[in-house]
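In what follows, subunit A forms one complex with subunit B and a second complex with subunit C.
This part shows the complex of A and B:
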């Protein structure tokens, strides 16, 4: 992609968090451990930004503190922060997060992906799109779109 | 025989022979022996050479060419060569079918020593004649590949061997040559041409043909070529691309065409076009083009390079290549046009300095990388870059505490670049003094990442720091040593570096005062952990080893609370591979100073240590002693280690002749561990006194001792000693003794003592297998027999196989000075193949034992040994996956994943067997590691050719569907 066509030429980078240490408890088959925000964050932190060869974590689009997990109600709520308020990629980023989680989490979870309040100019519209099951399903049947999303979430 | 008869016979022979070349070689021999003259031969060949039939003429010319090729180069005189050349040149006018024969003839002629070149006698010039007729009459593009090759070889011969003969031909040759080679497409011919083109281009003045010559070469750039087939020896794209570059940058005159071409191709999206363009420019800047060639294109070059460097091409190779190109360009200007360098660098600085305003911006790091390349290019460039950006970076830093670490790291890069160019790096200069000040200040603030960067910077600057600056560091080091672990390590490294340069100063200002070297001797002051660590860090320096070692030993003796920490620090120091490789002399000093006192303390003072720290300390001191012994020469080991046993350890047992180990072990069980530490790494040629009583007592201990730590230690030491014993009689005695006791224990009903016996059996077997001893077969069979036990001892025997093939034990590996025969695992594997057949006939209960033993063996041998026997072991391998034992499944999966990762074709025929089993394990195994292993194996299967695995795709995706479908 050419530099002059980028929406945000020089975005700010943030430090990546350390890899999680694998504790003996986690390798123990007899201990049941619930999903926590770090586990969900680990799933989405390495999603690539559609514009730059950088991950969402490096651009601070996703943060661990903005991931909420409610194991009892089977709910995962994620807020993401676009790098600029007029970012046109916001819906695509939101979709990528949703698809990644749909593919990785057990079916019992309801996943909600929303823009961090006050960080995007068409926040309500994007949130509405991302929350609409039908529209998400329709979007995923679009070959071009799912191609781009697959590229974003490929490791 | 008349002339006619002879000629007729010759023609008949030539027409009838099936091997014309050998016949002509014979004729050539006749000519060289004087039985025939070349003139006669030509005369006899007359009917063929002048025949109206093209095929006959071709045969005649070919015969003559073969004969000429068979002659010695110095045989024909100048005159004959002149006429022959004239003849061949005339023949170029003939039918095109003769081209091959004519080119072969000319090839033979030009190699003759007396070929007339500007000859005064004959007023003849053969090269001129040859090339004028070739250029006029031979149309290279219409020739076959082999004929074109022959023609290019004629050019090659002259260019390489007789250049002076063709240079006078000047532009005529240039025109003829570039017309001839134009449009060549065969890769073999192109490689040949690319190899001679640089010589051609540098030897001739191209004049008005420069443009044409460049076009003939540049049409290949960038090379786009896909070799057909999998032939490894076939020419590859890279070969052609590498060969083409020297042609494009052969002469400075090409620069005006080459630079725009390279820039145009650099603009493309194709990776190879970018890489090739950058390579051409790099080579051009390096040695051929001058600044005048480059100057007109400078703006374009910078724009193109900048695009690859900021924000940077996603491909690392392209980015690196662009950096190297920029570096070469700057070096060129530094050499030839410093003024131009200054203005070019100003452009670079103007477009990058703005990006340094915030370290968190994504373009910060590419900009720093680019400036670092510029600074490293030359001293002049470095000065300009540094003087411009350092103040800017320092200003940026002010008011921004969160990214100070990144700023310091950036500054270090430029410090390093400056030191690289200038050995007299002046830390007091206007540019560097604020940098040094900032780094020193940062070393004293609390943020650990910032501090870490600052200490990294100080390590780089260590040799240049002034005394005042050093004093500030010494004052702050106590704080740094007590802070974050990583900072502490860097701080110790800095102190070590400074101690090499200013030993007295460090001794006085750090060791004596901060680390309390002297005050510790007489006060009750307890050492802090950080002081101990810093001291141990300094102990490897020759100036410090004596005083520091003495202090540490005193502390171990007198301060039981400090002892565990000191010993653990010494352990860390001695397991550092860098020291073990470089510090032989220091290690020798430490060994002589410490070994005896450490052993004495272990025997006398060890009980004073806190009981909860005893086990860890025991392990640490064992490792310290082992490492000290391991690194020493045989002589030193004999001098220091062996007397220690006699004078320090043995007297602690009952009185006697010094051989009474039995009493010693009874009295002090721990002495087994000390002995293991001392003797485990002794070299085989060091004589150990009272070897037999020692080993016999050890065998007894390993049979009867209840403490597992002592028992295992005794078994290990016994195995090590057996492995290193070089005298067969003594070995036979101890083996006999052990075997006898083993029989008794194995026959007993007590399961525990049976297990202990099997353990010892495994160890002894290992020591014999490793050295490839003749008796190993007996011991292996004995171990195999134990597998038939379906209870605990059987499982222990299976584990014994793991023990034999694994290298995770400290003893009995190459580094412990053991005797190792190469391929010992392979030998064992061949013997143990029998396990595969027994596993099919044995009882159900003991089957897992056989399978486990086999799985360990299979895991340990390399692929090349395993593959030929794969069929034999396949059934047990598959059965291992069905047994439901985690350890067994894991070991087998590990072996299989190793083979699958390398896409081993042998496993393709077992796809149907393995994939369902992997699926089952991945879904149903209760062990997470097994599930991970099975999934990994499935993942590797996915990279096999799609045709082979397509039938399983649906099966696999259905089985895992619940994770994919929400």
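This part shows the complex of A and C:
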């Protein structure tokens, strides 16, 4: 898993966004509030990059504007942007996002994690693999792999 | 011009699936359900690494979990299959092995483990003759195993025909013909070459645009149904060499042609398909939590068949439906398994609507 040298030696850094403003309505237990894209983004922004001691947010791999939530249809769709188009960590990053949401969101949600169109040379292959729940399930039973993923998603 | 008035009475086939039972016991995702040949017992398996056997006591309405088979596998059990005699069970696991369970002692016990695949075994199936077993894996290979009378299992062939993960293997209902479906978007057919005992690829069915998750033969074995990540179901018709329709065949092998594509019905991946050999109904298990039933229309033609959706159960499970299986003896009894850790039983009833 570990490369001898970093693939992207000097990644560009991005500003972290501000903390979410908590509204009085959100603190009122009598009001049902649905999942929104900021809430989902907050779950994945702090995932660590497998290569750098930086978060996916700081590397701009995930962005709030690339998170879509449809509460009615129980759908969550996330696009992530690898820092370089030949990044070999793309599948691992996608898996980390999937696992994080699998463990955080109610089971009713169908989560789709895909590469932002045009940002990776193996986009279709990585997307197909990430969408195959059987492969994802098998990957999560692989001790080495789940160890690496747990490191990525530990806060 | 003469105006034709058409009688406004039309008949439409329709049906419904009534929930008979919703069974709990498994922990986590249930991947597969499989009826024994007499339809009196069914097996289920999943993420919790167990195989559960369910039966109905005489005179009772509910299905009970009578046996739990544990300790056979280290990882998820993806599929279970019964031998044609009903005395053996095979379970395929992500731990790269296939376990063979028999009930010579009265209870099912694991008495053989088939090793050889490099990684996850995805599917296992016994041939009608009972002497052959097929398995497939993410390692892209399909293995054919020969069984002898003293319960020895010997690898008869390792077939490397697919270019990707092989998801499913099934045998022809009468002949020793094997079909497999794959992440490489194709379905392949294999038979033994009598001249050198080698298993050869005797057909490739290409038309799906993504992973083919499930395949099922009809009772005659001249048709095959397939379901895919591309959200469609396809029906394939066999054409023998010298067929009157003039469909081209090569090297004296039958050609399988896609004669019908059912698209627009499923909103997500179709994980499994079951073709009932008693009623000819087709059931599908879908990632949109629904079970659907299709029926061939009375005016359907062999070379251009038409199927209609006659029943949809939305939220048949509260998460993805992974498996559907028609009872082989009791017409219309359907078992399903889902990510919601449940096994559900359904009874199909046909209704004719006149409007």
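Keep in mind that, in the parts below, the second predicted complex is superposed on the first by the 151 of 155 C-alpha atoms of A that agree within 3 Å, B and C clash if a C-alpha of one lies under 4 Å from a C-alpha of the other, contacts with A are read in each partner's own complex, and residues count from 1 in each chain.
Everything that follows uses one rule, which is that a contact is a pair of C-beta atoms (placed from the backbone, for glycine too) under 8 Å apart; a residue touches a chain by one contact, two chains touch by 3 or more.
Computed from a prediction, not measured in an experiment: that's the story for all the values here.
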Clash or fit, subunit B versus subunit C on superposed subunit A: fit
Most subunit A residues touched (candidates subunit B, subunit C): B
First, second, both or neither for A:141, with subunit B first and subunit C second: second
Subunit B versus subunit C as contact partner of A:107, first or second or both or neither: both
Where the C-alpha centre of subunit A sits as vertex, the angle toward subunit B and subunit C in the overlay (nearest 10 degrees): 140
Partner chain(s) touched by A:86 [first = subunit B, second = subunit C, both, neither]: neither
Contacts of A:128 with subunit B and subunit C, given as first, second, both or neither: second
Subunit B versus subunit C as contact partner of A:16, first or second or both or neither: neither
Subunit B and subunit C, minimum CA distance [Å, superposed model]: 7
Residues of subunit A that lie at the interface with subunit B and also at the interface with subunit C: 107
Subunit A-facing residues of subunit C, complex: 29, 47, 75-76, 78, 94, 119-120, 122, 138, 165, 167, 183, 210-211, 229, 268-269, 287, 318-320, 339-340
Subunit B-facing residues of subunit A, complex: 3, 9-14, 27, 29, 52-54, 102-104, 106-107
Subunit B to subunit A touching residues, read off their complex: 307, 311, 314, 355, 358, 360-365, 926-929, 962-966
Residues of subunit A defined as touching subunit C within the complex: 107-108, 110, 128, 131-135, 137-138, 141
